[in-house]
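Shared between the two complexes below is chain A, which has chain B as its partner in the first and chain C in the second.
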Partner chain A sequence: MTLWFVPYLVAAWLFGWGLYGIVSSRNLVHLVLCLALLQTATYVLLMGIGWRAGGVAPVLVGTHPGQSVVDPIVQALMLTDIVVEATVMALLLAMAVQLYERLGTVDPACMRVLRG
Partner chain B sequence: MSDDRDELDPGARGRTILFFIGGVPLIGLLAAAMVQLPRSGAGHSLYGDLLVGAAVRERHVTDVVTAINFDYRGFDTLGEELILFASVMGVLLILRKSDEQPACDDREDERQTRRAPPTSEAVRALGLGMIGVTLTFGLYIITHGQLTPGGGFQGGVIVATAWVLLYLAGDARAYERATPKPVVEAFEAVGALAYALLGFAGLLAGLSFLANLLPLGPIATAHSGGTIALLSVATGREVAGGFVLLVTSFVEEALAERAGSS
Partner chain C sequence: MSFSAILPPIPVALPLLTAALLGFGGKHTPRRLADAIAIAVATLVTCATIYLAIEAAHHPIVYWFGGWKLRSGVPLGIAFVVDEAGAILASTGGLLTTLALLFSLHYFDSVGALFHALMLIFLAGVCGFCLTGDLFNLFVWFELMSAAAFGLCAYKAEEPAPLQGAINFAVTNTIGAFFIVVGLALLYGRTGALNLAELGRAIGPTPDLLVVIAFFSLTLAFLVKGAIVPFHFWLADAHAVAPTPVCVLFSGIMVELGIFGIVRVHSAIFAGVLPVPGGLRDVFLVAGGITAVLGAVMAFAQRHLKRLLAYSTASHMGIALSAWALASPKGLAGGIAYLVGHGLTKAALFLSAGLVLHTLRDVDEIKLRGRGRSHPLVGAILALAALGLAGAPWGTLLGDSLLDDLAMKQHLHGFVIISWFAGIVTAAAALRAAGRIFLGFGAREPEAPDVGGIEGEAPETAPSPRRVPVPMLLAPIAALICGTLWNLWPPLRQSIANAAGQLADHAGYLARVLRGAQAESIAPHLAPPSWVHAVIPPLAALALAFLTLARSRLPFAMRRRAAGKLNIFWRPLRRLHSGHVGDQVAWLTFGAALFAVAFALLYR
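Here is the complex of A and B:
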């Protein structure tokens, strides 16, 4: 298998674009979505590590013993990953709503003033 | 447009340049790290292989991922649940009502043009028709996680989607009436509590925390897997309640915004 690095390359690609989006973002909602994009890189990375060529999903219905199965551990980890992403997004979007309420803008460049 | 932006935020250009200066070594480090990773497709996982072999034999569970989440690593899932619980509390805290007036407000003009259009009959009919189906599907996913992909997290989110459909199909006031906050809060909290109590039941039985103490049942039936199904239902309750609370607080925020404009 000569293409073993492709999932890792895709992960790095997604991570890079997510990071660039965060750095250059002019809208907090867009920024939160870029963070979500960045986090999808971790899904691809985990899937890439757990994948086994010719393996089936770790759902053992109608499989025979000795069947090659992909790693279920990383899939369970990914579930945690998704839950954490959902909670982080909810918290950040709530903060964006509150900032819009207080400052009347969602552009981080317009939020230079610290107010007590 | 971009000139206006640069004027508004003189640091933007410098920030982008800094990003690329930092990005080049980052690419190098990532490449160096990737070379060290196990080759994708090889699937070196002793623990994974062990659990694939053990799940059906020891727990009568055919979905190994669910066996890991609600049994072998059930303690981690308790932590994961509490993360969700804490973040829902955080959102409720951040979005709580305050009478404080904003210091400056340039939204008055926008409000007039941004009024939401009335819900179309097609959306209303489709939404109302989908609510029952979504609810049933969510409950099915929650209760069959030990057989096929699914479980409390996935099913709980699907159940919460039924409330989003209710909001889309009905009006926001009807949604608020159908979702009394204290009831949903209690519903969520009982789910989180039930998970912890099921864990302590293991201790009371003289076994370890979250030990699987119920009869395992025949393989590939809805009541296989012992406590896994109960933990899944507890998680489903918590997740569904949590997400409905999230949606409710954002809907309340939208309502307050709309009330401010009229």
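Here is the complex of A and C:
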């Protein structure tokens, strides 16, 4: 089976929808979730890159020599990436809550304190 | 084992550990103790990075974390590769953090040590970004710096404006950082390496589609951070709302690191496979030129002092990007001189804007007209620092002089014109503000359109009717003194030359990291700055500022015609800067597509 390109398509799809959601969003919480969606594109991309045909999970206990395993480094990278992005998401959601308390709205179009 | 062999991790480990302790202590840490600890740590980091810069003068210092050295020429662990340029920028970051902390001694009386913790985390991110020799590590430091910056930007969370500015800043920059991961994932998929030098070796000499896309993605991420048009929208919003000491770090080092990121990634990985001379050079020269002009024009149109300075930062980053595109060791030297010189003088400017906010309780140029007469010293510092933007000896003199010289040799007269224009117009905008606030020049303008954007800037300090506190005055003066040294002291010029030589020496970097070679890179010879640049642009800026303020004395018909013409030009520009996060991301997408088309045409 040559479906190696599927993860890349899915990554591009997620990125596109995330971006569209951010640009058109009328609600900050929705916007932050779209940003999270956009970030998941990198996870899929990294997973796709680490995939090996016939590979098993990279736990080497009990496997015989020569057994193909998927790349564990990209999984470590992905985990780090998730941690970093979770921080940013939490921060953004906290800001959205604060903004709602101050302005009574979460619509970015109604926040015009900065312009020009 | 020499001292420099164990020093490289200190500039990141020390602030991170201290920040963790300060965060743990939280509100129970006495304020003055937190101040003392934070300033001491920032000073130590500055000293350590300066020591590293001295040690790295001949060849980069390579430090493998956990002793995971090369095994048969293949890097297994994560390395810090301390080259001269990285160490110089890290020490600039340390110095500016020290000054910002010194300045904020009288800030935010209500909060505990969390502000200090965030500042130190930011500093650790800056140092890690400058010193690392590993691409994923670079991304992590970049994100650490960004996350701390988002928090610092929204620090005055009791008002809506900082929250909106921080959200714009965080969303656009997170999308930017997304592209670093894409780039590094593609490169890793191709080569199986993350070490910068190993990537540079494994990527091979012939460019193909994947290499071009990876370079495009990495560049795009740094262009967003470097506030190049059309990715610059977040910059003014973040600067206008962040506390003034934080603006010092944003404009003084963070944005600069966006430009440096491109240089670092290109010189370590792509210099062999995608050399800059050729079409790539024109793409970056045009992008830099547009940024320089648009930033200067927008700066001139502002009345909110911090927003004015933010647009001027965008303008100067355009020049710095072009400096790299000049593609020679001398251009790199000019770029480094320009980045640090601009950082120091812009720090002094933001610190004096902070002084204005402290003494006059506002930063709106029109509202404050003539109200600064009782604070001549603050006005003098603001005006002096503003002259630095045009190339006075405490500002961008050395960078301007080297770059213009080189551009003339390459017959790029357009670059010279744009760099003079950007310097003169941005300096004139700040000088105009200084003249209006501290001398009461210019007509009363009740009918002036509200262009600043923020309704009222809340003061950040408790009112002190007496004198300005000494540490707050010392900080901008120290920045100006350091700027003068940077531009005029010959030993520093030699280290700029060494830094540029190392950055231009792709093969030397690879040999140093992968084989431990001891060869020294060839440093370009740098002429001392020419006095033409130190005198003419500052005088021109003074003249332009004076003309703008004396506008009301011009004959009425001429004035109205000029105003009408300019409004046709300015109003749509202002409307573009809508402060809407969706618009900003749409522009980001548009810019990305534009750059993608340019890259695709170049590497068909």
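Note that the second predicted complex is superposed on the first by the 111 of 116 C-alpha atoms of A that agree within 3 Å, B and C clash if a C-alpha of one lies under 4 Å from a C-alpha of the other, contacts with A are read in each partner's own complex, and residues count from 1 in each chain.
As a working rule, contacts are C-beta pairs under 8 Å (C-beta built on N, C-alpha and C of every residue); 3 or more make two chains touch, one makes a residue touch a chain.
A quick note: this is a predicted structure, and the numbers were derived from the prediction, not measured.
Judged by the touch definition given at the top, the superposed model places A:51 against chain B, while chain C stays out of reach. In the superposition on chain A, A:31 makes contact with chain C only, not with chain B.
In the superposed model, A:42 lies in contact with chain C only, and not with chain B. Counted by residues of chain A touched, the larger count belongs to B, out of chain B and chain C. By the touch criterion defined above, A:91 reaches both chain B and chain C.
Applying the stated contact rule after C-alpha superposition, one finds that A:75 touches chain B and leaves chain C untouched. In the superposed model, A:59 lies in contact with chain B only, and not with chain C. By the document's definition of touching, both partners, chain B and chain C, reach A:109.
In the superposition on chain A, A:12 contacts chain B only, with no contact to chain C. For the contact definition in use here, the residues of chain A common to its chain B contact set and its chain C contact set are 15, 19, 23-24, 49, 73-74, 80, 84, 87-88, 91, 95, 98, 102-103, 109, 115. Within the complex formed with chain A, the chain C residues making contact are 136, 140, 143-144, 146-147, 150-151, 154, 157-161, 163-168, 170-171, 174-175, 178, 181-182, 184-186, 188-189, 194, 236-237, 240-241, 301-302, 307, 450-455, 574, 577-582, 585-586, 589.
By the touch criterion given at the top, residues 5, 8-9, 11-12, 15-16, 19, 23, 27, 30, 34, 37-43, 45, 47-49, 51-52, 55-56, 62-65, 67-69, 73, 76, 80, 83-84, 87-88, 90-91, 94-95, 102-107, 147-149, 153, 157, 220, 246, 249-250, 253 of chain B touch chain A in their complex.
Chain A contributes residues 1, 4-9, 12, 15-16, 19-20, 23-24, 26, 48-53, 55, 57-61, 68-76, 79-80, 82-84, 86-88, 90-91, 93-95, 97-98, 101-105, 107, 109-110, 115 to its touches with chain B in the complex.
Interface residues of chain A facing chain C in the complex, by the touch rule stated above, are 15, 19, 22-25, 28, 31, 35, 38-39, 41-42, 45-46, 49, 73-74, 77, 80-81, 84-85, 87-88, 91-92, 95-96, 98-99, 102-103, 108-109, 111-116.
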